[in-house]
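In what follows, chain A forms one complex with chain B and a second complex with chain C.
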Partner chain A sequence: MPGRPSRLLTFFFAALILLFTGGPVILSLIGSMVPDRVLFDDGKGLFSEGLNFETYRYIFTGQLPDSYSAENANPAMISDAARQVPRSLLNSSIVALSSMALNILFGAPAAFAFARYFFPGKGLTFMFLILSPLVPSVALVTPVYIMLQSLGLTGTQAGIILVHTAKALPFTILILSVFFRKMPNELFEAAVLDHCSRFQTFFRIALPLSLPSIGATGLFAFMLSYSEYMFSMVLSGDAATRPVSVVMAALARNTDVSWSLLNTAIFIAIVPTLVLVVLVWRFVVEGLLSGAVKG
Partner chain B sequence: MKITALLAAGALTSAVLTAHPAWAEDVTLDFVVWNYSLETIQDNVKKFEEANPGIKVKVTDYTWPDYQDSIVLRFRGDTKTDVIYGGQDWLPAWAAAGFIAPLDSVAPAGAVEGLTKDIAGFALTDVTYKDKVYGLPYYSDTISFIYNKKILADAGIPVPATWEEVTAAAEKLKAGGMEHPIVYEYNQELPNFYDAFVAQAYGRGAELFDKDLDPLFADPNNEAYKQLQWIADAYAKGLVQSETHESKIIPAMNTGKHAFTIVFTYVLAALNNAADQPRAGEFALAPMPGATHSTLGFAKSYVVTAQAAGDPARAEAAWKFVNFMAGKPYTVAKRWAVEKGLGFGQLPLFEDKDVIDAWGKWTDVKALGAQAAIAKAGTYTEYSSVWSAYFRPLLAKAMVGEASVEQTTKDGAERWSQLKEQFANR
Partner chain C sequence: MWSLKRFPAPWLLPALLPVAVMTIYPVAHALWTSLHSVTLLFPGEPFVGLDNYQRVVTSNYFWDAIRNSLVFTLLAAPSVVVIGTLVALFLQRRFFGSQLVRSVVLLPWVLPGAISAVLWIWVFHPSFGVLNGILRELNLIDGSIPWLTSPRLALVAVVVAHVWTQVPFAVVLIMAALAAINPETLEAAAIDCRSRFKRFRHIVFPEIKAMIVVLTVYNALTAFTSYDLVYAMTGGGPGTATTLLSFQIWRESFSMYDFGAGSAVAFIVVSISAVLIVAITRALPSDLFERE
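The block that comes next holds the complex of A and B.
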């Protein structure tokens, strides 16, 4: 009996969280299938005209929703930016996966070096790495743009990948260095006795033991890249390179866009993220926690 | 045998290359736009490329809210940029900074003058800086006084022609049970919050600045001062409902709970959009109330960069492109108008049958043409956007009675004068 109020409270707060997190997703799903004329009309029930997939059809095929092809309809409200959503999902995936791979490639060895070895300037460089994310992104936009422009990387995915990698790298190094630091010394002493080089120690001892944490930080880098907007916007030039964050901003900040179409674009854009989160979030949390408490 | 074959292949390749001198002369223009209707832009570009072999156009687009910053970044980063969309509020600063070039510097003699005769006065002012024309209109619009025909007809109220008549009509509707007859876009963050005020003042015949760009609106006899007082009075009488954005005015007007609003004319197209608005067809524009019925117009334009103007081949190609997009016979401007409902600054299009047919579905084209002909441009300088950001919050307070009209206009005028002096001494 004493547990009953606490269970009720738990249920209440869980329901509240679900409402705030799941509610917008459900609303965007419903909004995507309900025509604008119903969404805008206070006098009509939400499902009075049933559900349709015309805006989905438009995004994937370019065929206008029937109501916007009718007499006296204004097709200008159907923004063709919405048609960039599928391509932008692919672009975002390429950029985020590349950023994740580069973060692991550079971040794991760097974190290992910071955690297990002494070298001149170690404290200073580590401090620089850890404090660098404190610089507001907006202050870096112009210098980064000019630098990438001189390298011919503006308007390319490579430019965005480089910047996203650089933005996530401090977090990767910080999280992994904590994990590597907490590994038992005996493991590395044994490796030395077995004549392992530093490289071999990293690859044969540290790396296999830290795979869950590496996976978690990699996913963290993936998510940072997937949702990043400012540099993606400045550095991507056209639909061929544009990530989904920029396309969504173009739609959401354009007030002339059909609401039904906007909801459709939102739903299509968040589905892959939702699937990813459902599949891997548990591993992310476990990996990060093991890095934090192990040893 | 092999050597003979190799020589033959080489000769053939040389012959092919010589037969296509354009390959060596191809010019690629970098055309930067905000991302409205990219498919139409790309299709227009394709048509241009077909008509102009040897010129390729690469389109780069940015979101509207980030456009100005992105363009400035491109200028500062020396990113290759040839033709861009320009805005009336940015153009003076870009021209003063040397980022863009007068069209005369890239066009054949007399070509620009031949086109400007057809451009509405407000649109021409918006593309002109220090007497030089920097752009041709891509899209132009005016701010309109919009009313619900059915509500006025049902209440037996004639269309108001002065602001005093608007007050009388609103009071009558309020007495009849309509809580807020006027719905107003009230958002100090938006530049068009100030623009809508200027449009109303223009309706009264106001001049906000003199020819030396000194502010006049702090004078209680100035029509802008009077209009601000009118808005404050309307709020005080409870006649006005605020909405934070024009996109919210569209559903608000479609509830049938409001009779009047003041917004950009393209909102009328949305209000009368049968695809999504339950009261589509009930809305119309009337001349802006006041003695002159003038209003504010604006023009977005095709502008050639100074970079492009500095390279003869790119300059020539850039002019051809701008002329194709905005010049006679106005095919592209007409396409935007007919297919997308975009306004235009080329006055002959108001007489075009296809435009009249397309626009007649949501507005009285003749009335709109008459409005465009008497509309005036805003006052844009290198510092006007800085000043507008300062003045809009003051304006917002005065409208809802949190500050006096006298103090607001006085503070606004002082700040303008300060900025004018600062920029003059730079």
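The block that comes next holds the complex of A and C.
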């Protein structure tokens, strides 16, 4: 049983972790609800004018915040890009979910083969997979664009999905094979005794037992695609196909945009993703803790 | 582990094909570009051999950029793995609010790079920054510390921001690996060995070692080729203090339109990161990388 000092220490570390990971995001939450004129005025307390949700209203309805309709406000402070945020979230989820599904569909069998079997050409293919992500994406943007253009895939989500899937696959396979290696050998020996085919062993035994690990790996593929910027920017077309990373980068680099509008956009962009990620993560942790793979 | 006589193509090809499509032609194209003079200004793309490489290596930015990239990687990648492992070990405990902490830890992960940059500029900003504000309130400093405009501090600041964005993924993977350890092993260890540190070193660490190796490789790569966060925070400055190699590729290719030089830098990055990866897998041998 943890004693008192150890309890205090636990809370101290918990607070430290919360502050480090959540701190900057709390700043953005505050920034989204406090108008710029209060934010940058040293004389005024942060909440002296109360909370303000006008920027949220603008993003969802297009109605300008009252303070900006007033005289001598800089019209550049309101950017149209902020209004693309909800739509771009949808685009990003389509791309990221497809990339995640393809990663698991293609990656899990490959990882299983790598983790459980020796075969001719194993070292070579493994080396290829490990070395392929070495080339920095900046160097590949031009040739990939040329290639996808000849396939007619630029400006479509299919092109982005293909690139993101290929980018994540080497790591998906690496991570999944670590998990498959950890599964007890007896399970697979039993499967051989029961005359399971290789496919049945994978599908009936390995896959169901590693669902939590597959969840964690899928989460990785999802997030890699969701946050990828360079290829998304080059390959996406008009506003209707732009993913969230591109829209947010456009907003963030526009130095005229008002702080509260930018922070509102940030907040709207992260909440749905956070909910999704936390739900999957809960499933992963609980699944693992409930002892699916305990030999 | 069993042996197969033939290459298990149906198992591997679906995964290998997309990776091959996205690697072989683009890499060949980039290699070709690095050996030719490809600029927007002059038509025709004559073969120039290693001229691009020579020009890049002798330029005044290059060695600064290599040094910065290496320092950045050596600071960032181990920090991510160590912090990630510590947080994951800590989050295994159940305490009041542990679910909340487990969720909040994932926050940095769901932010696009450009946004993380904005948030951290806000933390480090010399006059409006929160960090200076807090330090002033506590009377630790009088003026303001120029976090993003002094060369040393700027590099530290971008490393902190980069580590922040990468820690959640490390936590997720290490926690998953920790939870896959057989609980009986842990119970036996708890009885046999009273020292918590020794228990980690001799029982827990060997179990999660493969995952730590994968994470270290992944993080060394991301740090060595990272670009958008640093670019958005400092633009490579002050001077060349935070100019990284990958940023240099971008600058040669898309701002000076010298695609040959850009690709040459890219292949220098490739060879250095290959060395890094071999070094990591040698330093932390793991059965995952066995050859037979």
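Everything that follows uses one rule, which is that the second predicted complex is superposed on the first by the 249 of 295 C-alpha atoms of A that agree within 3 Å, B and C clash if a C-alpha of one lies under 4 Å from a C-alpha of the other, contacts with A are read in each partner's own complex, and residues count from 1 in each chain.
The rule is short, and it goes like this: contacts are C-beta pairs under 8 Å (C-beta built on N, C-alpha and C of every residue); 3 or more make two chains touch, one makes a residue touch a chain.
Model, not experiment: these values are computed from the prediction.
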Original post:
Which partner does A:P35 reach: the first (chain B), the second (chain C), both, or neither?
Top reply: first
**OP:** Answer with first, second, both or neither: which of chain B and chain C does A:I146 touch in the superposed model?
**Re:** both
Original post:
Between chain B (first) and chain C (second), which does A:G121 come into contact with in this model arrangement: first, second, both, or neither?
Top reply: second
Original post:
Is A:F20 in contact with chain B, with chain C, with both, or with neither (first, second, both, neither)?
Top reply: second
Original post:
Of the two partner chains, chain B (first) and chain C (second), which one does A:S93 touch, if any: first, second, both, or neither?
Top reply: neither
Original post:
Touching A:T156 in the superposition: chain B (first), chain C (second), both, neither?
Top reply: neither
Subject >> Which partner, chain B or chain C, touches more chain A residues >> reply: C
**OP:** With the two complexes superposed on chain A, say which partner A:V234 touches: chain B (first), chain C (second), both, or neither.
**Re:** first
**OP:** Considering only the touch criterion stated at the top, classify A:S258 as touching first (chain B), second (chain C), both, or neither.
**Re:** first
Subject >> Set intersection of chain A contacts, chain C complex versus chain B complex >> reply: 40, 142, 146, 249, 253
**OP:** Could you pull out which chain B residues touch chain A in their complex?
**Re:** 35-40, 58-66, 70, 73, 76-79, 245-247, 250-251, 254-255, 266, 269-270, 272-278, 280-281, 339-342, 361-362
Original post:
What residues of chain C sit close enough to touch chain A in their complex?
Top reply: 1-8, 10-12, 14-16, 18-23, 25-27, 29-30, 33, 87, 90-91, 93, 95, 97-98, 100-120, 122-123, 128, 130, 164, 167-169, 172-173, 175-177, 179-180, 182-184, 207, 210-211, 214, 217-218, 221, 225, 227-228, 232, 246, 249-250, 253, 259, 262-263, 265-267, 269-270, 273-274, 277, 287-289, 291-292
Original post:
Okay, in this complex, where on chain A does chain B touch?
Top reply: 35-37, 39-44, 65, 67-68, 70-77, 79-81, 83-84, 141-142, 145-146, 149, 154-155, 233-234, 237-239, 246, 249-250, 253-256, 258
Original post:
In the complex formed with chain C, which residues of chain A make contact?
Top reply: 7, 10-11, 13-14, 17-18, 20-25, 27-28, 31, 40, 102, 105-107, 109-110, 112-113, 116-121, 123, 125-126, 128-140, 142-144, 146-147, 162-163, 165-167, 169-171, 173-175, 177-179, 181-182, 212-213, 216, 219-220, 223, 226-227, 229-230, 244-245, 248-249, 252-253, 262, 266, 269-270, 273-274, 277-278, 281, 284-285, 288-289, 291, 293-295
